Amino acid sequence: MRIFVINPNSSVHVTDHVRETLEKIKRPDTELFVTCPEHGPISIESAYDEALAAYHILPLVQKANDEGYDAVILACFSDPGLDAAKEISKIPVIGIEESTLHMAAMLGHKFSIMTGMRRRIPTRDCHCRERGVMDFYASSPALEMSVVEMDADAAKAKARIIEKARVAVEKDGAEVIILGCAGLAGYSEDIEKELGVVVLDPSSVALKVAEAMVDLGLHHSKAGRFSYPPKKEIK
Amino acid sequence: MRIFVINPNSSVHVTDHVRETLEKIKRPDTELFVTCPEHGPISIESAYDEALAAYHILPLVQKANDEGYDAVILACFSDPGLDAAKEISKIPVIGIEESTLHMAAMLGHKFSIMTGMRRRIPTRDCHCRERGVMDFYASSPALEMSVVEMDADAAKAKARIIEKARVAVEKDGAEVIILGCAGLAGYSEDIEKELGVVVLDPSSVALKVAEAMVDLGLHHSKAGRFSYPPKKEIK
Amino acid sequence: MRIFVINPNSSVHVTDHVRETLEKIKRPDTELFVTCPEHGPISIESAYDEALAAYHILPLVQKANDEGYDAVILACFSDPGLDAAKEISKIPVIGIEESTLHMAAMLGHKFSIMTGMRRRIPTRDCHCRERGVMDFYASSPALEMSVVEMDADAAKAKARIIEKARVAVEKDGAEVIILGCAGLAGYSEDIEKELGVVVLDPSSVALKVAEAMVDLGLHHSKAGRFSYPPKKEIK
Amino acid sequence: MRIFVINPNSSVHVTDHVRETLEKIKRPDTELFVTCPEHGPISIESAYDEALAAYHILPLVQKANDEGYDAVILACFSDPGLDAAKEISKIPVIGIEESTLHMAAMLGHKFSIMTGMRRRIPTRDCHCRERGVMDFYASSPALEMSVVEMDADAAKAKARIIEKARVAVEKDGAEVIILGCAGLAGYSEDIEKELGVVVLDPSSVALKVAEAMVDLGLHHSKAGRFSYPPKKEIK
Amino acid sequence: MRIFVINPNSSVHVTDHVRETLEKIKRPDTELFVTCPEHGPISIESAYDEALAAYHILPLVQKANDEGYDAVILACFSDPGLDAAKEISKIPVIGIEESTLHMAAMLGHKFSIMTGMRRRIPTRDCHCRERGVMDFYASSPALEMSVVEMDADAAKAKARIIEKARVAVEKDGAEVIILGCAGLAGYSEDIEKELGVVVLDPSSVALKVAEAMVDLGLHHSKAGRFSYPPKKEIK
Amino acid sequence: MRIFVINPNSSVHVTDHVRETLEKIKRPDTELFVTCPEHGPISIESAYDEALAAYHILPLVQKANDEGYDAVILACFSDPGLDAAKEISKIPVIGIEESTLHMAAMLGHKFSIMTGMRRRIPTRDCHCRERGVMDFYASSPALEMSVVEMDADAAKAKARIIEKARVAVEKDGAEVIILGCAGLAGYSEDIEKELGVVVLDPSSVALKVAEAMVDLGLHHSKAGRFSYPPKKEIK
């Protein structure tokens, strides 16, 4: 199968990192095309960044449909533009946040989501509510590092995650830790060893959920929320 | 005070209609500037339309801030780009959906939201959940008319609303009816007489909430969810 | 417009304080009549106080209707007797708690309610649940001061609020602070400067919501929950 | 044990009916004193009636405490003044609504509450939410009969209940039917036979819950929500 | 009346303890038969233990029905097999957890459940959600003692409960403390004195709820969730 | 990878049907062992059946662990014994209900679950609440056919599903239909064509989720709810 992976920010560096991570775990018969939009913010850390990114990924989603891909993955933990992408797409669109939240819900009583900046904690609350998984949500500890900083100093990011995740486990009852940032793809195993809980890398989860959906011949229901948008004049 | 009203779709006709409605009910000392983005869909009936509109209204929100307005109103019932707009704005940004949902919650036990197409019912569900007002939400009857059709045949739209709203009142327990479409601004009084319940025109409600906020010197809290976006490279 | 403001406790001193606060912020064309019941508790700090106050304010609500006022404000943060008042009233009755909770919901991700005594924290929980705004409720820090103490030593009350509100912001994620006590009307600006979050004075918010409702010609829906009580023998 | 039963409305006729019903099912060693306030509405069908009744029952609750009773029952399905009564009381105060909702929750998946007038359906919704039992609440079918009418024509009331309850069972999934009106005490057995579901008479349930609480030496926790009201001047 | 009490674990020692506790508080006209299954785990501290115990208690529930008892009590705080037991039983089956959660909900704003091991905290969360009483649930402090340890050193268990319950009251807002372990039956009074809150012993509560149900002639509704299982081949 | 599939009922016929369905869709490198317990009910249509089945599948889960399988699937839509199975297992245990509910949540706004008998509708409600997915749950239409009848007359079952599912789509807003019965495995494609919505066969979904989990090296978190049961005497 052929899967079209969109890194919604415009950072080629992060895109390369996502590609490397996913290439390692894809099934032999899965072919990946990993890309990012030419325009838009180089990282996504606000609703403003999300709105810009959403706009720029939609043509890529269309392209994936036009070129006969089997599924699309949006590889940013805020799933910017996910609903719009599902509407215009015949093939399944898998958000790494959405798929990971549901996977986490099956693996433990509650999960915590590691997030970059304190200002994004409300976003995590909102997304868990919007996606209907509040019962599983323990907390969203902030690393107080920007995506750029995490990318620049992976060791520091990892140490910070372990410190914050330990608190989530001991105080908030987290049994599963979600690495809420595409830029951290690939470090989950090390962290899992340290903490003794399950650690999820969202991009990896999304890839496997995408493979599962394609195997099952599934797509989003076009009977309501995700039906095709009405045709109209766009100025 | 000076209020900057953005019709998020690109229809000059709808923009004019919103302007007329609001000019009639504004306070004498309120000055309105009503506009719409040059680009984007001419009506908003999908998450796809919302994503496009959100992108195009953000520069207008910035402009309202730069030009010293006191508040911004987003005059489309789906409040496209509301969170992003609040983030980049120092002055309050009032979504007509958000402000109307809260007003409705004070006026009756439950409200129903008249919506255009059946495909948008899930959107109403989602927005009521996201905005934390599910306890007040009775139903979202679909008129099965597009925005363009409603605009073209106001009499038919009004008749359809009365028919559907009657069912909402009798079966779903609605005590307040929300006209979930900016294009219908101005008809609430007639419908109210017919049905004996409270009918809300969202644009009108938003204007009065905006005036109240400005009088109170209020703005969105910049301490968390709506703090300014981090500065970064935007390609 | 003419607005009838009821301080539900029987303290003339607090009534005067409310009057002064509201006179400063009312619109030039708004006329206020601020009063309190002759009988009942001099402050409201229990469900028992609320039950007594509710009984004594209802004739005042009737009087406001009989004398042609445009709206009634109940200026006690527990909104005692609000549902009964809405039932017997043709004109809108605005509770300062109800209107402030909804205003707060639009201004930040979560709010905390400063309350007097620890014993009233469950009341705040209950009211947020009853009013359907639990999703926005962060916490209810107790000042451990009675209304009388707050009134006697405003400086101490203010200092205590700042101390407790700071914890609410840092630990509970509050982005908006509600001064849950009519007696504190007028200090919100100072506190806001200190804390960098939005601070709401409920009486002020209620006045502006009342002005907005009257401008819009709104009243409570008489189609269900707030319909007029059946006529009957009252012994 | 000695139980003080308050019919919160001022109807001697209903009070007698409650007394007869409870005398039949009390334990031999239970002594009942059944009374009603001298003042207040003769039936309770609105929040307004509730507010008046709440005021008048509080001295009776005090009297029950002063005279050494073991428990108080409030025998009106809206439990008017329950929180205030619990605050001022050392002995347990059992609301017939509250105790019946919890009993019903143990006996079936969902319950429906037979109510008098359509206008009270929102009240039932509100009370189930306030009392934290929404998960068990199926519906609240209205008999469209006033308390006086039910009292005047018991056969008609019974027939109407059976008709409406049947719909609740078949359409709303009700497995337990609550007779949400003290005036109907005593008919549950007949209705149960007809419908094949469990039918609860709230006054009877409350009496048995009261006996259980007294046996267990229980009272309301005075550590928070129901702690004694602060002493203060009452004008 | 005759009540059949099943201690779901296979410990004769715990069974004796339950019998002693209940014999002291039963009504004079109540006759108790207290037993435990011959097979199954000697204590219940996991879903695995629950699954084994559920299997072994079902024949005892059947036996209680066959021998004409009036009610069954399952005396383990996790209520193992409760739904299955209700299905096969004509007489009411009272789980000590279920009945105590509902009793606690009437006695204070929120309750905390003392539990043995940290690993069972999620179980308490789950059960409160399943039983629809989340609004009343404050916390579930772990004693970090196994059932066997509690049984072996009652003084230590009591001291630990007091220490942990104090935190629940002061930090989590608990107003009622539930002793979430049948093995602790009988100590509630001492603990209550120490803490000044209401302390519930679940077995005792269940006995009184059972007596109340039998007095009222109640049983579980057989109209849906608890209707008799379809007859079928069991290999 | 090697996956151990347990049909929790004791019907060899249903077991064979599950095997055939899964063999067709497994990945080439996946090896399946499909079995059922020797003892227990031949179909699962009550909590009683679930309790019996849960007991008998636990040794099989242990066996799968002992023999080095990579994952276990419980192929009955009620997931009997799932929590206990997760506790005793080192390898992931996938319930077909749990995994399908989460998959459905990603594919449409709401799902409906086709169920056999009316008496099981409350079970579906309960499981959706327990599994934290109530926001996605539209309804649970009953086919009014036993598992045996469905098995005996597949054409009738399919026709009945289409009839009932159509109502779910049109009235309840279902966008995804779940075939809530392992016995119906294999018919989803036909039904999907007829209805134009997404139809999920739970066993198939579970197999693909299992493959995804194994690929990702995932297992249930052993840090809390699913940690190994304490060792103890089992009589």
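When the chains are written out, they are named A, B, C, D, E and F in that same order, and each has its own residue count from 1.
Keep in mind that, in the parts below, a contact is a pair of C-beta atoms (placed from the backbone, for glycine too) under 8 Å apart; a residue touches a chain by one contact, two chains touch by 3 or more.
Computed from a prediction, not measured in an experiment: that's the story for all the values here.
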{"item": "Both-way neighbours, i.e. chains that touch chain E and touch chain A", "value": "C, F"}
{"item": "From chain C, the most remote chain by mean C-alpha position", "value": "F"}
{"item": "Farthest chain (mean CA position) relative to chain D", "value": "A"}
{"item": "Inter-centroid spacing, chain E versus chain D (mean Cα positions, whole Å)", "value": "27"}
{"item": "Distance from chain C to chain A - Cα centre to Cα centre, in angstrom", "value": "43"}
{"item": "Chain E and chain F: spacing of chain centres that average the CA atoms, whole Å", "value": "30"}
{"item": "Touching two or more other chains - residues of chain C", "value": "109, 121-122, 126, 129, 132, 135, 173, 175, 224-225"}
{"item": "Contact graph of the chains (line, ring, star, complete, other)", "value": "other"}
{"item": "Chains touching one another, given as label pairs in label order", "value": "A-B, A-C, A-E, A-F, B-C, B-D, B-F, C-D, C-E, D-E, D-F, E-F"}
{"item": "Residues on chain B engaged by chain F in the complex (per definition of touch)", "value": "121-122, 125-126, 129"}
{"item": "Contacting residues of chain A [partner chain E, same complex]", "value": "109-110, 135, 173, 175"}
{"item": "Chain A to chain F touching residues, read off their complex", "value": "25, 27, 92, 94, 98-99, 102-103, 105-109, 131-136, 169, 173, 175-176, 189, 196-198, 200, 204-205, 208-209, 211-213, 215-226"}
{"item": "Residues of chain C defined as touching chain D within the complex", "value": "10, 38-43, 45-52, 54-55, 58, 81, 83-84, 86-88, 117-119, 121-123, 126, 129-130, 132, 146, 148, 224-225, 227, 229-230, 232-235"}
